[in-house]
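Same chain, two partners: subunit A is paired with subunit B first, then with subunit C.
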Partner chain A sequence: MGLLQVSTTTITSPTASFSIGGIDDNSTYMLAISNANVSSQNEDIYMRVGTSSGADTSANYDYASKTLYSGGLIDNYATNQGYFSNIFINMRSVDGSGGAIMYLHNFYDSTSSSFVTFDNVHTYTNLYPYGVQGGGVHTVNAQQTHIYLGYGGNITSGTYTIYKVI
Partner chain B sequence: MADDLNYGYKGADVPQSFGNNKGVFDPADINNLVKDDKWTNYGQLELIETQTFSTVSAVDFTSIQESTYNVHFLTFSGIEGSTASNGGLQFYESGVLRTGGYQDASQFGTSGGSFGETRSTSRANMYFHNYGTQQQTGAYAYIYNAGDSSKYTFSTWHSNQPFTSSMTMFFGSGVMPYTSTVDGIRINVNTGTLTGQASLYGIKEYS
Partner chain C sequence: MSNLRLINETSATSVSSISVTDVFSADFDIYKVVIKDVDSTAENYTYMKLINSSGSIVTASVYDYATEYLRSYNTATPVIGVATGVFPRFGVQNTGTSDGGTTVAYIFNPYSSSTYTHFINQHSGQGSLGGVGMKGLGQLRENSSITGMNIYPASGTFDAITVQVFGIRVD
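Up next is the complex of A and B:
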């Protein structure tokens, strides 16, 4: 397996949402996140798919995942709403910046839904690590070229990079 | 420097960046571009080191290039223990191995149909693998923020463990909740020794 960087964004000041593009063929892509954080305690980072014209805000984001929490119950989490709401949840806004690897499948194929696998971890409000591992689908047959992140608070930091898997 | 400019052309300072190199370059120009992290070099999954080991109590990666990579990728292949034992990841902070205070949570499931979890807020390592004898298992882990002294260092992992009588899948995540620079990674086993191969990669990012 090899990786080819197609786009990257580094956030250094409060941002409600932003996009990363560069998906331009039917390859599998990988989104790598490091040092992601928010401006205030308990804020979240959500994710949508879209194009250069904007994000798809329709309630067509389904996912199922395990929430892996060292301080309490490990649970199942599944929902269907207007974004993937499980990227980073109730973040500790100081030193607990999140990291994630997400594989993006069938995004560019206009005849297919877009699929994502999650391998995410950050620090929950009370210092415990909070992992999210699972899968999701945006159940719309359309070509997607961008990832949109935000919608749960102001993002203050992080490096967000999309790679093509080659 | 090959000429009157850092890269390529004489007389015109052409902006250069990853994926957007323009000009005719001689070897010195390319060296300058590589040094300045502006040369288009395809393949951002970069091997740092592979270790093949036999009957060792731990495997250390001590040159992880933490200032270059925000995300590291660690793979195991063909690993077996001298006895059945748990093991995990530990980190070096500026050369000093931390042996306590790790937190993790993982989910497991067996081919026999049983599922469960393991978690801790105080562990000697980030527990992510069971080793068995004559069972050459595999695993991978991502490690985040190692080189940032103001952030915690996190990891996520997946492994398969043909442990006891049925295959076991295992995935989870954890943190070393200390703000420090991590400059080394240890794969350890609680009891016995390890034999196998492990590789550490950096996931390169051009800003």
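Up next is the complex of A and C:
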């Protein structure tokens, strides 16, 4: 497997939401996140899909995942949400940070829904590691070129990179 | 050129542990680690500890983890731990050639001394009763600069093992 970087964004000051683009064909893409964090305890980072014109805010996000957590394992699922609300939850704004490897499928195909696999980890507010492992679907047949992150607080750090899988 | 860069590949035979050192640096924030071709003298779990920038294996009780242990012959079992001295579910070892299977893990921000080191891991292998797998994550709960890993079997020795470390480059 090879990876070709198509876009990257590094956050260094409080940001409510931001986008990363560069999806321009029907390849599988990988979103890699390192050192993500938020400005205050218990804030979250959510995700939407979209284009250069903006994020799709409609209630068409479904996901099913298993939360691995040192306090226990938890089923984590929802339908018809306004975003994938399970990317990083109740983050600890100091000491810990978040990392993720997420694969993006069928984003550019206008005849298909967009699919995401989650493989995330961060430090929960009580200091334990916490992460969702599973998948999500944006149930709209439309072409998506961007990922939007934020909506659960102010993001203060992190490097967010999209690679094309080759 | 691919942004997935092979940093190190280490193979060993007839060893009680294998260390890969000086593989994490300021050059990368995310690393992909592949442990493969595992054969050992006993059927058990593969343990992992981290090595700090002084070259010492971190042995303090600063490892937290949560793993779903998956088996083809039984229901899944959660295995969790807080403030332990090791990550005890990094993989599985078995006595047949390559029966220990393969672990793929991603390590986040190991070299940074200002945030915890996190990982996610996935494993596929086989034991005497059937196929086994793991899906897990963990963190080293201390702000220290990590430069390597130490991998060892819970019992017995490795007849053979190969560890590959890749960096995921951000340009």
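By definition in this document, the second predicted complex is superposed on the first by the 163 of 166 C-alpha atoms of A that agree within 3 Å, B and C clash if a C-alpha of one lies under 4 Å from a C-alpha of the other, contacts with A are read in each partner's own complex, and residues count from 1 in each chain.
FYI, a contact is a pair of C-beta atoms (placed from the backbone, for glycine too) under 8 Å apart; a residue touches a chain by one contact, two chains touch by 3 or more.
Predicted model, so just to flag it, every value in this text is computed and none were measured.
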Exercise. Have a look at subunit B and subunit C on subunit A after the superposition and call it: clash or fit.
Key: clash
Exercise. Check the residue A:Ala59 against both partner chains and state whether it touches subunit B (first), subunit C (second), both, or neither.
Key: neither
Quiz item: Does subunit B (first) or subunit C (second) touch A:Tyr163, or do both, or does neither?
Solution: both
Practice problem: Determine, under the contact definition given at the top, whether A:Gly131 touches first (subunit B), second (subunit C), both, or neither. | Solution: both
Exercise. Report for A:Tyr69: first if it touches subunit B alone, second if subunit C alone, otherwise both or neither.
Key: both
Quiz item: What is the contact status of A:Ala78 with respect to subunit B (first) and subunit C (second): first, second, both, or neither?
Solution: neither
Practice problem: Mind sorting out which residues of subunit A both subunit B and subunit C touch, each in its own complex? | Solution: 1-5, 8, 32, 34-35, 66, 68-71, 95-99, 101, 119-123, 127-131, 133, 159, 161, 163, 166
Practice problem: Would you pull the subunit C residues touching subunit A in the complex into a rising list? | Solution: 2-4, 29-30, 64-68, 78, 80-82, 106, 108-109, 112, 115-116, 118-120, 122, 135-139, 141, 143, 168-171
Quiz prompt | Interfacial residue positions of subunit B with respect to subunit A in the complex | solution = 18-19, 42-45, 70-71, 103-107, 117, 119-121, 142, 144-145, 148, 150-152, 154-156, 158, 171-175, 177, 179, 203-207
Quiz item: Within the complex, which stretch of subunit A touches subunit C?
Solution: 1-5, 8, 32, 34-35, 37, 66, 68-73, 95-99, 101, 119-123, 127-131, 133, 159, 161, 163, 166
Quiz item: For subunit A, which residues count as touching subunit B in their complex?
Solution: 1-5, 8, 10, 32, 34-35, 66, 68-71, 74, 95-101, 119-123, 127-131, 133, 159, 161, 163, 166
